[in-house]
Amino acid sequence: MSTEHRTGDAPESGDRGLYASVVSWMENLSETQYAYLLLTPAFLLLGAIAFWPLLSTFRLSMFADSFGQASVGNFIGLGNYVAIITGERSALLPSPFLPEALTTRAFFNSALAVTVIFTVISVFFETIIGFVQALVLDQEFRGRRWVRVAIILPWAIPIVVQGMIFYLMFQPNIGFLVGTSDNPAFLNQLGLLSTTPLANAQDATMIAIVADVWKTTAFMALLILAGMQSIDRGLYDVAKVAGASAWQRFKYVTFPIILPTVMVAMLFRTIQAMRVYGLIETVSGCTTVPSLSCLVVTTFNNRMLGSSATIAFITAAIIAVAVSVYIVGYVRGGQ
Amino acid sequence: MARVQLENVSKHYDDVTAVNDMNLDIRHGEFICLVGPSGCGKSTTMEMVAGLTKPSEGTVRIGERDVTNLPPKDRGISMVFQNIALFPHMDVYENISFGLRLRDYEKEEIDRRVDDAAEVVELGGMLDRMPDEMSGGQRQRVAIARAIVRDPDVFLMDEPLANLDAKLRVHMRTQLQRLHRELDTTIIYVTHNQAEAMTMSDRIAVLDTGELQQIAPPLVCYNEPANLFVATFIGSPSMNTIPGSVTDTGFSSAYGDVHVEFDPTAVGVTPGQEVTLGVRPEDVYSSDLRDEVAHSTQAVSTRSDVLEPMGDEIFVYLVTEDVDLGGSMEEGSDPGEILMSVGPDSDITEGQDVDVVLDRSKLHLFDENGDAIAHGLVETPGAGAAGEAEAEGDD
Amino acid sequence: MARVQLENVSKHYDDVTAVNDMNLDIRHGEFICLVGPSGCGKSTTMEMVAGLTKPSEGTVRIGERDVTNLPPKDRGISMVFQNIALFPHMDVYENISFGLRLRDYEKEEIDRRVDDAAEVVELGGMLDRMPDEMSGGQRQRVAIARAIVRDPDVFLMDEPLANLDAKLRVHMRTQLQRLHRELDTTIIYVTHNQAEAMTMSDRIAVLDTGELQQIAPPLVCYNEPANLFVATFIGSPSMNTIPGSVTDTGFSSAYGDVHVEFDPTAVGVTPGQEVTLGVRPEDVYSSDLRDEVAHSTQAVSTRSDVLEPMGDEIFVYLVTEDVDLGGSMEEGSDPGEILMSVGPDSDITEGQDVDVVLDRSKLHLFDENGDAIAHGLVETPGAGAAGEAEAEGDD
Amino acid sequence: MSDGSTRSDGGVQSDRHEPELTRGPFQRWVQKSIKDPKRVYRAMFYVATLFFLVTTLFPFYFLLVLAVTPDTGSLAVLPQLSTLEFGVFLDVFDRINFLRYMLNSVVLALSTTAIVLFLASLAGYVFGRLEFPGRQPLMLLILAISYFPPAAFFVPLYQLFTGNVVNGLSLYNTPGAMILPFSSLFMPLSIFILTTFYGQIPDGLEDAARVEGTTRLGALFRVIVPLSAPGVATAGVLTFIAVYNEFFFSQLMNNGQPENWAPIVGGLLSLQRAGQFEVTYGVMAAGSIIAVIPVAILVVVAQEKIVSGLTSGALKE
Amino acid sequence: SGGGDGDGSGDGGGDGGSTDTPIGTSTSDEEVTIQIAADSNFSNAADEISQTLHEDGGLPDNISIEFLAGSFTTGDRRSQYQQILSAGQGRPTVMMMDNGWTIPFIARGQIANLSQALPSSITDSVMNDYLENMVATAQGPNGDLFGIPLFADFPTIQYRKDLMREAGYSDSDFDTWATEPMTWQEFSQVVRETMDATDTQTGFTWQGSAYEGLACCDFIEFMGSHGGSYFGEFENYFGPIGDRPVTVDQENVINAVRMMRTFIYGQDDDDALEGYADISPDAVVQYTEEPSREPFTNGDVVAHRNWPYSININGAEDAFGEDLGVMPIPYAVSQEDSPYESIGGSTSALGGWHLTLNPNANDARKQAAVQLFRALQNDEVRLRMFEIGGWTPPIADLINTERTQQLEIIGRYVDSLQVAGENALPRPVTPVWPQQSDQIASEVNNALRQEKGSSEAMADLQASLESIESQA
């Protein structure tokens, strides 16, 4: 028994006793039991609000679409999956799942290809720019707080508004960025944009990417910045004395230490980018840039519940594949 | 009551066994020093007592209670960590008072205690500093204050004074001893400082590669080391170890001509057996002083190689034979080399021929496995010297 | 060439002056130990040499070059940090090779050097461990290896051996000395270990509260301390300081009756002046041994208070007078208390009356400000003892 | 700083005595830069900062121009001040109860952030610092939630919240109907962020806390969370803003009325159109500026406070 | 538990027997509030509307009306209703539904059958007096009525009289054009001439973006005015799915596409249709209503096709005022020359909204709703609604009256509106219309962007529409 005593020891009330016994019960759990105990609240919530709906949606994905009275048709097992992947259902979708030919046009018309293009390019640029932004914010300088506000601002913008900004910016005769064929704007002259970029799958995808980079780079920057701020400054002293230049300190100390954070940021950005919907819908419309989530939402709105659920699960499966790239990289990096 | 017992405790990491089948029984109120080479498992042992590391096997008891599965907070311990581990986000006051605040002490009581503890570690005016604004020694003292501000049953201190200068160290040492007396606690203390281990502890536990080598009062460890490891580990500079073999009439060294005469059967060795002779530097005398040594061996002729003046004494490295002396300065126990300590007024110079004698009452004999065979090789074997040592150790 | 010069260097923090107007001139190839109490500014000084901290005032030169504004990487230094600071994300190999990899050494060269360095710090088999899988001492050794694997002009080592056991410490010490010889570098070394400072350094720089007190060879610091601070700081246990005043015939203590006879004018003091007498524990002898002391004082009658057996010697705390002895054990320099060190065979017991004499050739006299007046109070004033000490210090 | 240091250097001193005629300011700058590369870093730093400011703020500028340009006027890069109508910012409040929408959003975002940070702290601690069987699979399971488009959750959740699954449990048009899905959908991100941050805190500090007498949970909230302040604050900010902007459930889990806890998105959408086809970009732009700028500033200030609060004073009692 | 069958059961709730039995029309004195899911224009004008309903329409005083301001984005509203109805929620009582998607709700049996629920006095007057095509979008397969048309919307062409005058046209021309549709050929020449005469960059803006608006409206007009149709005769428009011809590969349809392309690219276009001028900017391929209106309002365009809301903007004094002219949509093939009976000639897309009844509402509210519907039959109420919010009555005779002519701005153009209303053609709404409209929008837009040839695009569209027809 401990000899420690509380001064002015309050008489132990029943509550206190209960509390104490709960605490001691918790303290005596094995590491595994304790781990599961702490995870319980999160999993209860996730179970009810995430896993259960997913299961029920999965069930839905096994039913045919219905265009009549009922909300879903017959049970057809994995029929929806087959139909969508083979392209059998393409006619009922705003755009096919896989490219139907090996042309650029077909690629930009395929939900999968567009999504992958969007994801790879936007996550790439977000990471790089986010890194540089974080490096800038990690410096001490006057007005840092305001620069930080400026960098966060895009991220605080609701998607509707973000979409509106970019939609209008690239609207001929309205925004500043697009001209007409007689009176081309700067970007048109450079040949970077057609005069009707939002109707053009390629241009519209790029605009969506720019819009996404503009908005979500802050996400990267904030996370990376947090990672940088948690690094023990003493390590930089060691590195300096060992002869590391600023770049080498970054390369050997900062970068590897924040790598896990960067990976998490990239991982989630990739996942989010692969689910892009609102941005595309508001900037160019899902018909022009058909992302995977566009298909999910469009089919859902069109009451093709089975197809919608199926595409949702296919999307998730594709994301899972993308994620496994990170996980493999992470495991490799961790060794 | 804070008896601390480790029963067959082991700790295995993936590829290392940090602690192996350790048995320790520490009485209430005892002051135990854990010593041993770097990486021998001292910190791991402490962590198991504290409850921070779960033993792979075995039982830990504190005050007769099995605490193996009890969390640290319920073990009635406080600890000074080897790596100091101050909370970087708290100032000194908050660091020191952390444990008290957790226990809902009253504000005045906390303030009083923190002030006291800060006084003890001489950090009076620094209560509102942050850890990163302090020097290494100051941080360590905060860590000590954090531990002593509470009054637990057992103090665990892992090299609490490593970063302090000699003077402050002595000061802190006496403060800790006073605390020990006043609070009537059990203290387990890791130190690399021989003086600390010798002066502070009731018993010293010597560890090597995770195994307990000897646990005994300091002078017993010093005078009657259980094995070669303890013999060379305790005492600085280290004991001279002279490999050799038993002859019909005593011991004869493998290098140089160190001969000690004794009756092998009385000691319990057989002629021809490979043994190691141990002698501490301070038991090596210049043969001029032979008369002062009650039981001296016959003279050994050596040459002084290197002199290390230490202020209050001089270490003289003696070569008994022209063997390879490549790394000779490294350790006193190189075969063929003997380290002698002499007073600061000695007139020995480097490269001079020196004849030395050993004090036979202070010689140690170890078998092939390094286990001690005898301490003191005077004609009447062993007993006298051992008794003497014990008497000293008890006070 | 790696001469290191600090010219009027100061470092002020918000409310503390960590280093105050420091002037240091360290010759190329010198081995300097920085010593001083905790928080006196040793680490800060090192950091300013390294370029990690910018001096508030003053100039730092390395090899005649003004490096005050140069980044650490261009200063040709390597450093062992007091807080160890291993890179947590690199294994031992990567930690050690960090500096080499920065400089694009070839793989084989790196491997060779890392193996060598690991060998020196005895971490051979641990190259692929992560820092958090190592013991405190092992980590510290990695930090040392990381510093020595390169060949800079100046080594800065901030308590590199604090977490090592005595034996390993001795080993590391000799390794560092060898390295120093081989690489022909300048080493600035912070240590709290007297033995280290004494044995390793060419000169010791003693700091107190940010100010340089003395910089001199170890034995000069030991035998001729510039002031009371250095006198009590160097040497463990600490020098006895006996406050008193100058009489017509010499010195008379304020407590107890310690009297030393000398000619005040020869020494340069005036009768009635308040002075402090300093004597090291090993220069206090039981009056039985009076004959062995060439210049002994008259006997002082004392009573033994506490005995501290250290293995190779015993510390005896002597009380000269029944003054308040509350915290007497704390420091040897309490007025009215004298610490004596005797051999392990001494038969003094606690509470016994002991008459002691002091070795007058080893006495020190300090004025009111603590500055040294004289070292050695034999009739022929000062010169002899000082000359002796210098001779010893030079080798 | 760099200026001062170069001046104390003799070399630069002599530069200043050279005739200035032959050298333009730029050459002088280059000359100095060669001597002191820090100047170059500094310059790079300013260029980068400026670049980011321009690129991030340009669309805002566009938004502002959009807001203050009258409906009948055309947009111009540099609009004439006289033609602008700043009254649009007041319109936002005249047309709808915009404040209430903002308040709803803030309440929803704060509650969600609190729930998420609490639950994710527990989970992040478990995943970041404990070893137990099932760790990897459970993490993947949590991550997998983020794989799904929000639509995949919608139908069952809507049924649930409208009382069609559990009788009598009707959360539609209440904050719960949004906070619950927000919490579970945004939680995986926070769990992952906190897992990495908590995992990096040295064991020694947790050990020290436990020896000092905290429970395991106590060590988490008193030491690990404050020490990970930058990470926790960032997770909080990310969650807060994500909720503030959430589009999908915000719209579908209430009927768009401010009294029914419709958040800002609902407000913006009701500002968006004057009719089925006519879009009043101006008011909507004004609305979003009003909605966003205070929040962004609040978030930055709060984040700084959180970080400094958690790392220093938070544990003062 | 009930998780899995959530979707099914929700609908079941909707079907609930209540729709079969007439709702009592007796008035009780209890205070009842009914909620109408509408948009913020209604909720902003709630007081006035409520006033006219009570005072002119005789709505009992114990019934109060609350308008919910839903999103103006029609798709959002659709999904919102879908959730509400499939969850079996009782509120709101009455929903304002786009005539573009009322039929799928009818098909799924999610809204109350008014033919059975309302007294026949009300339903009969709807069937007889209201715009026939409008009513058709609220009818079930067997002709039962499921929604009461609330207001209608028909696009017209707006043009700049001031510019035209410079080009030599006079007010008498304008007067003729206001009620007598001209041909597309003539139109394009008039516009071209005006452009040249006034050095105006842009002649005619309309909506060519790949969105619902193209499929439902712009293209229906261009195609219809060429005598083309998606599914042949008008009677096929609402089904039966899979059992009707798909007719987008017909020449009339292709010609419509070619004409649109010619407007954009002039005679240089591969597919150019002779006799038409280059009057539209490239940008029309990404224009929706507002982006196409902005340049017109800003004064850079001669003519513009849009819904009546924009007449109010462009006809305002600070815009063009009296200089704004309005005409019905031009045509290329008259109704007589068209292959289909009721298609051809000037064609305006028919937009507009119905009021439908939530079958899950409680009886008191349903009864109150009946009173509401009854009140709405009152002409005075309809006219007041036109005055209050510009909600065009879905009754041809009420559009152009002396009262309506007094209305500010729009009053000047009610004659053209009436013509447009009489020629209004709804989109072919069925449960598969969303899919089909996606395909139509995307293929037509492809053609407009010269990604595909006109006939190629229409052939592709033909194939995918047929495929949808067969799969559904």
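Per-chain numbering from 1; labels A, B, C, D and E assigned in written order.
Everything that follows uses one rule, which is that a residue touches a chain if its C-beta (ideal position, glycine included) is under 8 Å from a C-beta of that chain, and two chains touch if they have at least 3 such contacts.
What you see is a predicted model, and the numbers here were worked out from it, not measured in a lab.
Central chain (C-alpha centroid nearest the global protein C-alpha centroid): D. The interface with the greater count of contacting C-beta pairs, when A-B is set against D-E, is D-E. Centre-to-centre separation between subunit A and subunit E, using Cα means, comes to 38 Å. Distance between chain centres (mean CA atoms), subunit A to subunit D: 14 Å. Averaging C-alpha coordinates per chain places the centre of subunit A 60 Å away from that of subunit C. Rounded to whole angstrom, the centroid-to-centroid distance between subunit C and subunit E, based on C-alpha atoms, equals 96 Å.
Multi-chain contact residues of subunit D, defined as those touching 2 or more other chains: 74, 155-156, 160, 200, 202, 215-216, 269, 272, 281.
For subunit C, the set of residues touching two or more other chains reads 83, 88.
Shared interface positions of subunit A, defined as residues touching 2 or more other chains, are 27, 52, 56, 60, 168, 173-174, 257, 300, 305. Residues 71-74, 95-96, 155-156, 158-160, 162-165, 172, 251-252, 255-257, 269-270, 272-279, 281 of subunit D are the ones touching subunit E in the complex. Interface residues of subunit A facing subunit E in the complex, by the touch rule stated above, are 52, 55-56, 59-60, 67-72, 89, 91-95, 105, 168, 171-174, 180-183, 195-200, 285, 287-288, 298, 300-305.
Residues 13, 35-39, 42-44, 82-83, 133-138, 141, 158-159, 162-171, 174-175, 177, 192-195, 198-199, 218-219, 222, 232-238, 280-282, 307-312, 315, 327, 329-331, 341, 343-344, 350, 392, 395 of subunit C touch subunit B in their complex.
For subunit A in complex with subunit D, the touching residues are 23, 26-27, 31-32, 34-36, 38-39, 41-42, 45-46, 48-54, 56-57, 60, 129, 132-133, 136, 139, 141, 145, 147-161, 164-166, 168-169, 173-176, 214, 218-219, 222-223, 225-227, 229-230, 246, 257, 260-261, 264, 267-268, 271-272, 275, 277-278, 292-293, 296-297, 300, 305, 308-309, 312-313, 315-317, 319-320, 323, 327.
For subunit E in complex with subunit A, the touching residues are 3-4, 6-8, 10-11, 75, 78-79, 82, 86, 104, 107-109, 201, 208-211, 241, 281-283, 285-286, 291, 294-295, 298, 300, 430-432, 434-435, 438-439, 441-442, 445, 449, 451, 463-464, 467-468, 471-472.
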